[in-house]
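Shared between the two complexes below is chain A, which pairs with chain B and chain C, respectively.
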Partner chain A sequence: MVKIYKGNAMKSDRQLVAHLMRRAGFGATPQDLDSLTSDKSYEEIIDDLVTPERFEPIDMSYVERYYTGEPVAVHVGKWLYRMANTKRPLEEKMSLFLHHIFPVAWGKSEHGPSLYREIEMFRSTGLTNFKHILLQLSQDPAMLFWLDNHENHKDEINENYGRELLELFSMGVGNYTENDIKNASRAFTGWTFRQPLSLYPYGHHHADFEFLPEDHDYDEKVFLGHVGNFDGEDIIDIIVEQNAAAKFLSRHLYNFFVEDEVQVPSWETIDPKNPQAIEELSKAYMESKGDMRHILKTLFNSDFFKNSLTLSKVKSPTELIVGVIKQTGEFNTPTPGIHEFAVTTLNGSAIEGPLAIMGQRLMNPPTVEGWHTGSEWIDSGTLSERIGFVEKQFADPTKPGVSEMVSRAGNLDDNPSELVDRCLDLLGAVNVRHETYQSLTDYARELKGLEDSAGVHNLIQMTASTVDYQFA
Partner chain B sequence: MVTEAKEKTLVVIQLTGGNDFINTIVPYNNEHYYDARKKIVITQTDVLPINEELAINNNARPLKRLFDEGKVAIVQGIGYPNSNRSHFRGMDIWHTCEPDRVGSEGWLGLAIRDLDPKSENVLTGVNIGQGLPRAMSVAGVPITSVGDLEGYGVMNKIEQERLKERSLQAFKDIYGQAIGSGQVAEYIGKTGLDVLKGADLLANVATQYKSSVEYADNSIAKSLRDVARVHFANLGTRVFYTNHGGYDTHANEMPTHPKLLSDLSGAISDFMDDLKEHDAADDVAILVFTEFGRRMRDNGSGTDHGSGGGAFLIGNNVKGGLYSEYPSLNPNDWEHGEDLKHTIDFRGIYGTVLEQWLGLDAKPIVKGEFEQIKPFYI
Partner chain C sequence: MTRPHGLLRAGYPYSTTLGMRRVTNFPTDIAFGEENILYVLLRSEGVATIRIWSRDDMEELTDELKGFGNFGCEDGQLRWPVNIITDDSGNIFISDEANHRISKFDPDGGFISKFGRHGQGEGEFDGPSGFALDINEHFIICDSKNSRIQRYTKDGEYINSFGSYGSEPGQFNLPWGVDCDESGDIYISDWGNHRVQIFSPDGDLKNVVGEFGSGNGQFNRPTGITVDNHGDFYVADWGNNRVLMYNSKGQYIWSFYGDATLSKVARNYMLTNAVPNRLREMGKLESEKFLRRPRSVRIDDDFRLYIPDFESYRIQVYQKDFIELDQTQYAGPLRNPTLEVT
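Moving on to the complex of A and B:
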């Protein structure tokens, strides 16, 4: 463990708060950490995180003037801008969480406005309760089209949505039968959407939810042992009362915020890494009827979260990229170019941007299962891109955050280990293993006099290229 | 067919989502097909017949050309027992050969370990694309996964020689020390060291490649072009992997499936031409697979998950033709309502490729002995 920067009379621990802000948000700059730790206790910071209304939202009317147009990369760009600049980090992190577990890809509909609108729905529902989330999801045009519920008719069942709602979105395999899938699918017949106005001459419009009573199956259904003339909302009501739903959501939250779990399809057969934690979260779910604020507060205040600093949690490409652009400060204002992080050949660009090469095309997940996370983010190709990305981002001293970091870090004449300490803190109080710390110190010592161009920026780049930096 | 003692290479193409085999190799004279498929159906006039019963989908014209040249083995009715229709479980099973439990070792990862037991070459197995497929993932087996051939490697942007060298050394120190510090850190550490090795080898591949073949502008064509570029550099790669997504055609199958087939078959045929131009066609075989077939009846707009799909083996040294049996289309023979019953186990086809093409012992990899076919001239 490295020496940690210590200020005067702090109300909360700098490294713990840095950890919290990486997990509940997209990391913190040293300036953020200065003010958070001096003004607020750890519990107060969590209270702020789960109560985003206390902070001004980003004025998107201003941002959208700079980032215009229909390409999906622009929509993702706007989202990245929000992640990097929001004063409500958990709200934004929850929208990413819901995109992970309810993944909808642009590639099928090629309809950006509806997809962007879905992310807005995730943002506004992420901190409500699970029933509300599932209901909004089941009425979301992007999802309805993605899983073909508009093709789920009274006389011709399409069970795609019904199956994935149970298998991937709420309970997991082993908690229902093929018959439950069929009956759930019947209950969602007639849940569809109205076509949006056409692009020409009306402009960009999203689709809207529509219920078609004449296409709905009003007959009796049997679902998880309940019998009735259920519609989709009744099905969701039954789902959210299940212990299986509490456990499923808890494991997702644990996987996303605390420690990497195995991939979702293996949950049926492989026990959680920390069954006790899943119990605690499930209890919070059951006692609050799926209230997300209560569950998340329980999570961040728990001992298992506070002790998770050294547990394995690999940054997603989005976390890595947003974490870096927060540091470089390049997009603290709506500077052009943020969409370039998100371009991909899948949406018509000639080249792949860094998100794509690192394996996470936002709004274009590979399948309905979403992304495989944890160590599966890393292979030789994605790792090569991660290193190349930070190298490039921190090489440019014209970026406001980079020049600030370089000047705050000091210079190569300074004591090497103090130099390394400052670089680690500047990158958001990064936690590194002892061996890494030693290697960085050796590197810092020898950089001087190596070449004319060698400087502190090389040490910052190397710090962000370490194995340790790949962990959230 | 001339064969040399040269080592054989396998190219695996994964069709992600569950390709509708019935609409790919169409039973164009079968009443059961036309009874079950009302809207998602290929009409009798819209096919390229290969015999009295079966025809290749009209949109896969390049595949028909390769078939006529005798280079395409169609493996009919490939599947596994008790399909549960889940993509994820389905892919897991195809990737690990473990239908009864969740496996963690990929079949190609195990094959690569046998081909290169001391991990002497990080390029023995190469994935083209983002994300390592589970089929290639086995702890300790290095796989090079190339999302961007031109930008592969680290510290590429440092120009001054001594600084670059010292930076690479620091990187090597840090990644090397991660060995022994927890499973994931160790994995990342090892991957970083493999990147250094692979980057040295791949440094000139992109600029060295020359070809008169012009691949189309779509994802699978680009991926196969990258396979060609790496293969022609003679870096010892024995297994290539890439994937083509979008086959989960629950809805809008009629407009989307034809484009997939057209992109795929065009890319394969360009790749074959490229191999020929580089005098490399005899030593490469392509295996095309998907996680399951789709159901007999359509749902009005597409088709839902089923079983009993199909695979393809393609190459100069492949004996073209039909293998195994087309699953029975008779409703009396359907499983789980309206799934086709598979006629050959996929592990037998893996075994065929592993033993007859790569010269490996298949049994420990596919976990048992399964019926094989004889699709190679060698």
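Moving on to the complex of A and C:
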């Protein structure tokens, strides 16, 4: 007898919690949903998500005992492992969020350690406040090199970082002048990094932020109407007080966690899909001075988030891959091969792995704008790759997660609708369209007569391979 | 071999550095071959191979490279190799914690045989990591995820095992390294419990050394371990980026943090690379000498200590400097410390 947990009998609604875990994390296994819904209210689960220090971090010595190597794919593989196995899913999701909105690519410098430490910085700052995040970003060697601030000297200004800080990282076009860019850039003169030792002969060494006072412009600056002898931190202090910063960050959060928006370059001309939601998030930003935990609690507790279950939100390739391996359990302990998901010719591999084919080379975003998301993840090629990937990963019934699902799904003699309901539930309370549901129940009928576990496995694999599974 | 009555420890100076990036990437262990040969086991994700190297290093990066082994599951292939050892006949044995087996090769790298399969029963492994030959030419193997030590004949026939999962004395948590001394005692680096445990040949616990920490004699994930002919033993302290040395009583003696200089092959390479030479002047050059994440430590019959410097793609070599003392040169044990001027 298979037990299906219903929301009314538990402390929280299973489908809503599954929705939350897909958006705030990388999905949930049936066992995760059992314990979450039986032990905690929806609000308590959110409180846990925004307070990751309540849970043990991943033991990276255990991960690095097994996963070693210099290529970017190895380090992306370790990150995928963390995402799939962490007890702190929002911490990892915020690392991914910040990698989306502050994208730095390995390809410019090919200096791996700076990039891996940047992701670590995202992990440690993602749930602090926006000022701290921007300050750490402005002192991050990977970013400083990526946007040329190491070439920003008091006698030879380089405006690249100052411009993108305002345009792409904090406020958006239309909220500042060219003069503000110049003055912001002057404030960041002398913000650089100490030269790391070269790759040869003994491997990479990391780079550290360094402030060179002799290369800093100490003269008066005018920025967004403020006048003073500003340095970079002063500029950030002024930025984070702006309503424009609140709205900009809110729209990014809405796009990442709630509903696919148009791409960032269109934000100047196209209004948000849900202006009221942006207002709510902006208000949370301003009243908390950019506190990420407060803003995210507001977001996940909002009606607009709870009602977003049926809104279009295409899983990013990373969300798809991590969600799948979390459910199949194939990497619930270190096992060879996780880096193969991340290999790409951009990093020197002979072939493209699934992440690359689906369009998201982690640590190698295409431009300073990052990835175009939502429906732009999908074309005929990537959709085929996505569905093929899921089908392949669920093909082996001996994988621990798949085996667990097969054992809990029921029998082919059961009512086909009930059997499909259970499969959808086991795959994380997947929400499917009516026509998909009809096709799956028809398929369940066709399977009658097959050996039970093989047939049920087929149905689970088929359910995971639907287009509907591609949505978060 | 009989241990000396005592030792005058004259020092343990740094000797040389071997290898560099591209030719000895991620050296996870080494073994000693005939004459001047070193077998350097290289492991990273998707790469598993053995470089046949000279103890005198190479002249040029472009010299012909010799080696064997590649990544995979087929006979003679490796996925996650951990240890490499040789026997008196020059045969080479390699443990593989992903393929769950020990593979045997001839001195030129030709595959001969294998034993072991995945499982929890006799003759089965779950992540075999460190292994060594004891005085009876039996394999002592850390069956890491099964939290036990297994003993096999050299032909791969199961003999017995001891240990279980836990943190109590005699128990293990993902044991990594093992070595045996001339009396048959077994030294295990208990990775998950941050300690070394020493057992009699029958598997009875004799001593427990170390605890978690970064102070003298403490460990953060001990990996490889080796014991020399004086009974001194050495432990690669992975998380603290060092190698610790203990005497036969288990008392901490000192630490090796790394003193690397440019190897012969690295010097010749750098002479033709102008930009990196400039960058060396701009960077924190001192950090280049330190060990990074050592996974193994080995000592040869001439008391040369080899530390595969895993994340720096090289091997650092030290030379034990000592005089063996007889009874007239080395006082008997003192029960108490003394402040008397001697």
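Throughout what follows, the second predicted complex is superposed on the first by the 444 of 472 C-alpha atoms of A that agree within 3 Å, B and C clash if a C-alpha of one lies under 4 Å from a C-alpha of the other, contacts with A are read in each partner's own complex, and residues count from 1 in each chain.
FYI, a residue touches a chain if its C-beta (ideal position, glycine included) is under 8 Å from a C-beta of that chain, and two chains touch if they have at least 3 such contacts.
Only a predicted model underlies this, so the values are computations on that prediction, with no experimental measurement involved.
Enquirer: Taking the superposition on A as described, I'd like to know which of chain B and chain C A:67 touches: first, second, both or neither.
Expert: A:67 contacts chain C only, not chain B.
Enquirer: Touching A:196, do we find chain B (first), chain C (second), both, or neither?
Expert: It touches chain C, and chain B stays clear.
Enquirer: Mind telling me which of the two, chain B or chain C, contacts the most residues of chain A?
Expert: The partner that reaches more residues of chain A in the superposed model: B.
Enquirer: Identify the partner contact of A:414: answer first if only chain B is touched, second if only chain C is, both if each is, neither if none is.
Expert: Neither partner.
Enquirer: For A:336, decide between first (touching chain B), second (touching chain C), both and neither.
Expert: Touch partner of A:336: chain C, not chain B.
Enquirer: Where does A:450 make contact in the superposed view: on chain B (first), on chain C (second), on both, or on neither?
Expert: The first partner, chain B, only.
Enquirer: Does chain B (first) or chain C (second) touch A:404, or do both, or does neither?
Expert: In the superposition, A:404 touches no partner, neither chain B nor chain C.
Enquirer: Looking at A:210 after the superposition, I want to know if it touches chain B, chain C, both of them or none. Which is it: first, second, both, neither?
Expert: Neither partner.
Enquirer: After the superposition on A, what does A:120 contact: first (chain B), second (chain C), both or neither?
Expert: So A:120 meets neither chain B nor chain C here.
Enquirer: I'd like to know which partner A:376 touches here: chain B for first, chain C for second, both or neither.
Expert: Touch status of A:376: first partner only.
Enquirer: Once the two structures are fitted together, what part of chain A is touched by chain B and by chain C alike?
Expert: Touching chain B in the first complex and chain C in the second, no residue of chain A appears in both lists.
Enquirer: Quick one: in the complex, what on chain A touches chain C?
Expert: 61-62, 64-71, 73-74, 77, 194-203, 205, 335-336, 339-340
Enquirer: Spell out the part of chain C that touches chain A in their complex, as residue ranges.
Expert: 20-22, 25-26, 43-47, 79-80, 97-98, 174, 176, 191, 220-221, 238-239, 260, 262-263, 265-266, 269-270, 273, 275-276, 279-280, 282-285, 287-288, 292-293, 309-314
Enquirer: Give the list of chain B residues in touch with chain A in this complex.
Expert: Those in contact with chain A are residues 16-17, 84-89, 92, 101-102, 122, 127, 130-132, 142-148, 151-158, 160, 162-163, 166-167, 170-171, 173-175, 177-178, 181-185, 187-189, 191-192, 194-195, 198-199, 219, 222, 245-246, 248, 250-251, 299-302, 304, 336.
Enquirer: Under the stated contact criterion, what part of chain A meets chain B in this complex?
Expert: Those in contact with chain B are residues 107, 147-148, 150-151, 153, 156-160, 163, 167, 173, 178, 260, 263-266, 269-270, 312, 314, 345-346, 352, 356-359, 366-369, 371-372, 374-376, 378-385, 387-388, 391-392, 395, 433, 435-436, 439-440, 442-443, 446-447, 450-454, 458, 462, 465-468, 470-471.
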